[in-house]
Structures are given as C-alpha cells and as structure tokens.
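Next up: some structures, all given as structure tokens.
In what follows, chain A forms one complex with chain B and a second complex with chain C.
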Partner chain A sequence: MSSAAMTVVIGFEGSANKIGIGIIRDGEVLSNPRRTYITPPGQGFMPSDTARHHRAVILTVLKEALEQAGLKPADIDCVAYTKGPGMGAPLVTVALVARTVAQLWGKPLLGVNHCIGHIEMGRLITKANNPTVLYVSGGNTQVIAYSERRYRIFGETIDIAVGNCLDRFARVIKISNDPSPGYNIEQMAKKGSQYVELPYTVKGMDVSFSGILSYIEEAANKMLSSGQCTAEDLCFSLQETVFSMLVEITERAMAHCGSQEVLIVGGVGCNLRLQEMMGVMCQERGAKLFATDERFCIDNGAMIAQAGWEMFRSGQVTELEDSWITQRYRTDEVEVTWRD
Partner chain B sequence: MSTDGETDHKTGKLEFSLDVPFPSSSEASIALRSLSPDREPRRGGISKRLTVTGNTLRWSADEARILRVSVNSFLDHLSLVLETMETFGPPVDSGI
Partner chain C sequence: MAALDFLKTAELLKQGAEARVYRAEFLGKPTIVKERFPKRYRHPTLDEKLTHRRTTQEVRSILRCRRAGIRAPVVYFVDYTSHCIFLEEIVGSSTVRDHIASSQQSDSGTEQNLQQLAERVGQILAKMHDEDVIHGDLTTSNMLLRRSQKDGESELVLIDFGLSYISALPEDKGVDLYVLEKAFLSTHPNTEELFEKLLKSYAASSKKSSAVIKKLDEVRLRGRKRSMVG
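Let's turn to the complex of A and B:
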C-alpha cells in the first residue's frame, strides 16, 4: 500500500442498546448514524429484545452510513465490528452482518475491543497525547493508562459500572429512559438543593457501586414518601458521591503514572458535572482535561472504525473462524500494535 | 428448505437437520462462514454442525431439551444473513 493511499474503515457497534455504524477515512469521520433502543420508565433493556431492535434497523443504518459518506462498498478497505465485551445476543446480531458484508464485498474483517474503540476515538477527537483514561459507561468503569503495548487497567469497579448504578436508580424513581436515564438524572440533579449522605466506597485503586445502589434503592422510597428530600436531591447526592469516587481513583492513577492529562470516555463521560469535578482536580494538579461530546462519548460505529483503522494499518486482521463474539473481553488482552 | 426430525433410539438424543438451498455454492459458503464462528450460549447439551454440500447448508443438532431455543435463534440469525445478502449482494468476484 502506498503511503499516499487513504484507508477507509467501516465500523459496526451494537454491544448494548445503541446500534451504530460509522465510516472513517484517515481520521475523518465521514458518517456515524446511530439508533437507540429505549425502554419504558422503570425498565432496563434485556438481551433478546435489544438484539431484536438491532436486527430490525441494522441494514437501514448500514445503508445510511454508506449514503451519508457518499461511498460505495468498493471504497471500503476494511470491515471492523465489536468483538466484545457486551451483551451476547446483540453482539451476535451485529457480527453476523459485519461478517456477511465483509465476504460479499471481499474485504478483510477486524474484531475490535469495545473499550479500545472508546479510547481511540477519544484520542483522535481530543488529540490528547498520553492521558490517564477514565472509561465510564453503563457497562464499564475502568481507569486505564497506556504502557508498553497494552492499555493497562489501573483501577476499576469491583462490582457494577457507575452507569449501571445510575440507570438502575433511575428505574427506582421511574425516570424516563429517553434519551438516556443518565441524562435525565443529570438534569434533575441540577435542581437538587439538599445533599443526602450516601455510602462512599473506594478500595485502593478500585471502586464499588453495588453498596451505594442497594442503600439508595431502599432509602429512596422511605425518604421520598416522608418528604425528607426530593428525587432531585437524591439525583444530586448520588452524582456528587459516585463522581467524587471516580475523581479519586483517577487522581490516584495519575499520581502513579506521573500523568498530566485526563481523558474521559464512555456514555457517563457526557455528564457535565463529572467533567466539572474532574476539571477542578486537574486544575489543582496543573493537568489538562479532555472529553468528547455525545456523538462520540456514547457508543457509536465510528469509534469501532477508528480502532479498526489503527489495528488494520498496523497489520492486524481477524480470520472468520476467529471472529466469534465474547461477552467478556478485558481491555488489557489486546496487543496495542499501533503505538510504541 | 427441507427439515427432518427424529430420535436416535440408541442415545435417546433428538436430531434435527435443516437443508437450506442457495443460488450458488459461494453464497452457501458465505452464509456458513458468517453463522459458524459463535459458540452456543449453553456449553453442555447442544452441539451444532454446519456444513456445505454443493449449494446446500446443512445444520444438525442433538439434545432435546433446549433444541427449540437453539433452532429458533439459528433461524433468526439465518434470516438476517439472508436479508443482508439480498440487500448487499451478490458477492464480488474474488478471483484475481
């Protein structure tokens, strides 16, 4: 391949309730359409229903991705898709289409780690040099730093993700899931005026959220019906508590690595209060904070395309027989061949 | 498409086979390679064999209890692969 040739990668993402397909050409996002499966208030999304949702729209979204980019299948160099981690049934649905079009179009296939998709998109958009990464979403909570060809996990949740804690609290107080429960908690939190003390659980480099969730699930009904506080107060207090925990473990990792940059990725990274709190800590340390907007924080196809672009350019390819999806896939399992 | 269900009286296991005709052998092969990589969610009790003979994709499984769920999933997946091939096919000629 000549150095003047451009590399175009299409990426397929559908590991949770978002189905997105994006096309990237040498760092330029040409298209990034996405659909979200939204459940009624009080309900979470189940694997088979989510897979059914993705199944119904995926081919339409794929056509949109090509049309919006103004490209034909022949223009694509590589088909990237999420190998894992995530929910099994939705992952399979998306992988089936990726495998099929890769064969129909005669293009190489690349299985991408979802977490690395977030990291590489964050690096591309923000141009952060070598940041400590806080990856926070409904399914994942990790503090990551790059070292010697691996994205090393410095700290993580020992039980549920911070986004999962927020989403499940939203169900208890029956907040709308449109556009996302986390977004609605954030809006309500802005109207909170009373801080309610909640359990704070940091364990060394790690965090735990299941305790705070069970506490607030039980306390919410009591406190709300007795008029002790409002739902807005609880949203505010929950955010302040869990976000403080995240800032603490991020700072700890920065101190270990001597890092002067923080990059927040993942759906919870859209939260402006989290960005604000992290910003305060960064300012105190003379560090820089990087974050992306909802187009790229929230699961999307272009982030898979971007990670795929890096992997493909450094010579990686996934054979069809090895293209099985996996619900568990650690960020540090991948050899980061595209960085020194 | 033709199907067959019978019980192997020696082992007591239920076998189900499904023959899916395709317009060409390359398309049968594409479907096979898309459908075979993922492992069954349940480790024990179900085994799936996908083979291509000419233009026909054959799928056979044994184990009665969760056979219906496995067959259902497979048919959903197969229909998605077929729809993808109808929408974005035919396959490019990969001959040099």
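Let's turn to the complex of A and C:
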C-alpha cells in the first residue's frame, strides 16, 4: 500500500492528570508517550497545578511522539485534540498547543470527545464488533451501546464516578498516588481477606457511589483503629462492592440490548479484578469480554488520534473558531458519522 | 430443596440478568416462579445478603402495594433458602411496552388511547409513591395490561419489584421517575409528549408530587452538570 493512501493523525490528550500525545497511521499505533502528574498521598490534583504540569512537559512529549514514530510534521494529515469533557485549565493548555501546531504545520484540526476516544481505541485494539461498553475512570462511569449513529448512554452514575470514589478513599487512608491510587488499592485488595459489608446502590440501570464513599470515609478510620479490619480488607471490600455494581448494570444493559460482547475502557478498566468479575458474568451468559491494558485503558494521546482518524476519514474537520474546549460533553452528543 | 425440585418440572420462561422466571401450577393456580440464582462473580457474603434483601424487599413492596389497592401479583409463597418467589401469573396480559409499540405502528385512532394509558400510568405511580413504595426498575416492560372480561376496560398491573424498597424521600421518588423516563424515551422514540402527559397525571394524582417533580428536574440536570474529569 502506498503511503499516499494512508492517513496519519496525531492526538493530544490532557483532560485530567495524564498528558499524552499519540500518532496513529491507519490503525497502527506509531507512538504513544505519556506523563502523569502525581500528587502526594492524601491529596487530589487541582486544575491549575495540573495545567502547569502539562505545560512544563507537553513539548517534550510532542518531540517524543514524533521521534518514536519516525515522522516529521509534514507527514501528519490531521491534528486531533480533546475538546472535552474534563478539567478546564488542563484542557485549554493542551488545546492551545494543538491549535498552534495545526496552524504552524498547516494541518486541519479535529476536536474529539474524550469518552469516544476511549471507545474507539478499545474497538481498534480488541476488534470487538458491537459490544456493550463499560467506560469507567476517575471522571466517568457509563454503560454505552451504539445505536443509530450515537453512542447511547444506557446506564451511568447519578453522582460520582467509580474511579473518583476509589481515588478519594485512597486519600482517606493515605495510599500513595504513584503510579495511581487505583492501582495501589488493587494491590492492597489482593492481600485483603475479610469482607466488610458496605452500602450497595443500583437504581435501575444507574449506580450511585456517593453513599458508599461517605460511609467508608466516615467508618474507615474507626474500623482501622479498633482493629476490626485491615486497610487491605477495606480495599478488598470496596472493590468487591463497587465492581459488583458495575457488573450488574452492564449485565442489565446486555440483557436489555441482547448483546453478547462487553468492552471495558477507561482507567479503572485496567483493574484485573474488575476484568475477572466481568469475565465470570460473561461466561455465565455465553458472552465475550474484551479489555485492553494500561497503555490504552489509561488516558493516552493515541486514543484521541484514533477517534480523530475515524472522524477525519468520514469528512469531519473542526474550524479554528470552533476549536474551543468544554468541561461537560456528553458521549451521546456526538454524531457518529463513521459507523452505520 | 423442595422449591428447586419443584422447578425441575416447571417451564423456564426466561433468564434475565437478575433471576430465572418459570411458569408452573401451584396449589391449582397458574403461577410464575422467580428464582434468584447465585451470582458467581460476587463475593459469596455480598451475594447472599443482596439476594436475600432483594427477595424480601420485593415481597414487602408487592404486599404494600396490594394493601393500598394497587394492582400487583398475589404472592403465594416465598422460599428464603433458594430465594424463590411464587407469584400469581397475570394471564391474558401484554406489556405496556408491546402495547405502545403496536399502537404506534398501526396508528388507527390510537392517539387518544395512548394518552389515556399515559394518564392511567401516571395515576398508578402516584398512588404507589404516596404509599412510599419505590419501584426501582420502572420500565414499560414492567407494566402489564390485562383485558378484563367484564366491561372491556383493561387492568393496569405493576410487576417486577426486584429492585424496590420503601422510602418517603422525594429524591428517591424523583429518581424512580427518572429511571422510567430514560427507559421510556429510549424504548419508544418520539414519545416526549406522551411522557409529559404521564407526569402531569402523576402530579395531579399524587398528594406529594411537587417536591418529587422538583427532584426529578434536579436529577435530569445532574447528568449534564457533573464534572467529567478523567
């Protein structure tokens, strides 16, 4: 195949504490470097500090992306960036760089929905056909299925995201944020054995995590100091409970849609226990589970490039005056012009 | 286990996400048996607690509705060891979902029929919420229309109280309606007006509706206003 027929897209992602730039050429990930802004234990990341972190490293990451792919700016066909959703200041920082290089290189821009980036990357890597998607991260918890040119949200959290619940619990018991609080909770959970009863809240196809979070925030230190259970037991119990809730709403969506495939995307999707539980549910229904690893589960630039690639090839382009960012951007707002 | 042995001779109707549903004859009556089977992906303690809680909540909510005159299946028997509920089979009925779908397809003077149906649903839900019963899984598949032999007016029956619980909070009732709205609009395209009619009827029939509708509006916005970082 001649290189004239290929489409190369560079994607810029920095909606939360990860800044990643990736390059995709016709479904091949040529490079995908990333940096994470990690705060001390007990602290979350704030928008302005996060933006500052991204500003400091973004040009380095950009150079890495081009060098690792062995490409020059002239080889790029389109510059994709995260339009939203996410944190304001970091989104602006990244969009600014994307706009600038697009103009410098004379390339078209594409504003991409972050959630759709996750979905399209998941589809590319796993080759899942038409799965029920569970998108779980620090900022989002949605059960999505494709129907008539939209990624429709069948179920979601009615308050906070599951990753947010896990991250904030990590802060309460001062678990390290390196490499991520969720990863450390997962490791500690493996050593937990006692199941502590926690609130379980599923409402129809939706879930709620603020109840279990406030319960565990209040009770954790009491339980730990009384010796009733260990921190590992709490991590274990929290995972078992929130993951069961996620598997339940996914199963309900599958039953509703008659779907036989599940795809897990988003940072929390890295969690092997969640994958294991979803796998058991799938097995019992004769369904198939698809999941990716931390390169693609966690926010990264290539996923924005991949969604951008699909959008670009279906004829979409974002004009400069429309290349703003937005903190709130529903997955179902986007018209999925690249699928029928 | 007697209930499970009994089920071996019953006809399996469907296996949902939550339970297996069978048809059988029990004490000479047409019966639906709902078996909540163990979920292997859950921790066994959590699974047992959740399954037991849902079984008891379901039965409690149905009984509470029935006592208030809301049509729901009669509970014949409950086996708490195998988590089986033996319920009256609502013979000669179809779901409101099928009814709306076929009405929309045939369009023969159905506008008024559907509006009347929407009003009746609003009324029955208002009554249920006034009893502080939160259904928890309101969809048009969980409402049945049973043709009455006598005068032709069909009977509206609520079923599947598997996620139900008792609560007086307007927040919980608002979320209950929100769940229905989402299910309604995603299952039946172009029915926004019909659902509005349902809500108006609910507001008119319920004594405590204004706080509930207010909460419904708040919950609707939550999806739009939530910070979506990550």
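Here are a few things to note about the model shown:
The rule is simple: the second predicted complex is superposed on the first by the 336 of 340 C-alpha atoms of A that agree within 3 Å, B and C clash if a C-alpha of one lies under 4 Å from a C-alpha of the other, contacts with A are read in each partner's own complex, and residues count from 1 in each chain.
Just so we're on the same page, a residue touches a chain if its C-beta (ideal position, glycine included) is under 8 Å from a C-beta of that chain, and two chains touch if they have at least 3 such contacts.
Just so we're clear, the structure is a prediction, and the values are computed from it rather than from any experiment.
For the composite obtained by superposing both complexes on chain A, the positions of chain B and chain C are free of clash and fit together. Chain A has more of its residues touched by C than by the other of chain B and chain C. By the touch criterion defined above, A:56 lies against neither chain B nor chain C after alignment on the C-alpha atoms of chain A.
In the superposition on chain A, A:280 makes contact with chain C only, while chain B stays out of contact range. Using the contact criterion defined above for the overlaid structures, shared-chain residue A:161 touches chain C, although it does not reach chain B. After superposition on chain A, the vertex angle at the CA centre of chain A, spanning the CA centres of chain B and chain C, is 120 degrees to the nearest 10. When the two structures are aligned on the shared chain, A:272 is found in touch with neither chain B nor chain C.
By the touch criterion defined above, A:105 lies against chain B but remains apart from chain C after alignment on the C-alpha atoms of chain A.
Using the contact criterion defined above for the overlaid structures, shared-chain residue A:97 touches chain B, although it does not reach chain C. Once the two complexes are overlaid on the shared chain, A:317 sits clear of chain B and of chain C alike. After superposing the two complexes on their shared chain, the closest approach between C-alpha atoms of chain B and chain C is 14 Å. Common to the chain B and chain C contact sets on chain A is no residue at all. Every residue of chain C that touches chain A in the complex is listed here, in rising order: 16-18, 39-43, 45-46, 49-50, 136-139, 163, 175, 179, 182-183, 186, 219, 222-230.
Listed in rising order, the residues of chain A touching chain B in the complex are 55, 58-59, 62-63, 73-74, 88, 92-93, 95-97, 99-101, 103-106, 320-325.
If you check the complex, the residues on chain A that touch chain C are 15-16, 84-87, 114-115, 137-140, 152-154, 156, 158-159, 161, 163-164, 195, 197, 200, 202-206, 240-241, 244, 247-248, 251-252, 254-255, 266-267, 277-278, 280-281, 284, 299, 327-330. Every residue of chain B that touches chain A in the complex is listed here, in rising order: 30-31, 33-39, 41, 76-77, 80-81, 83-85, 87-92, 94.
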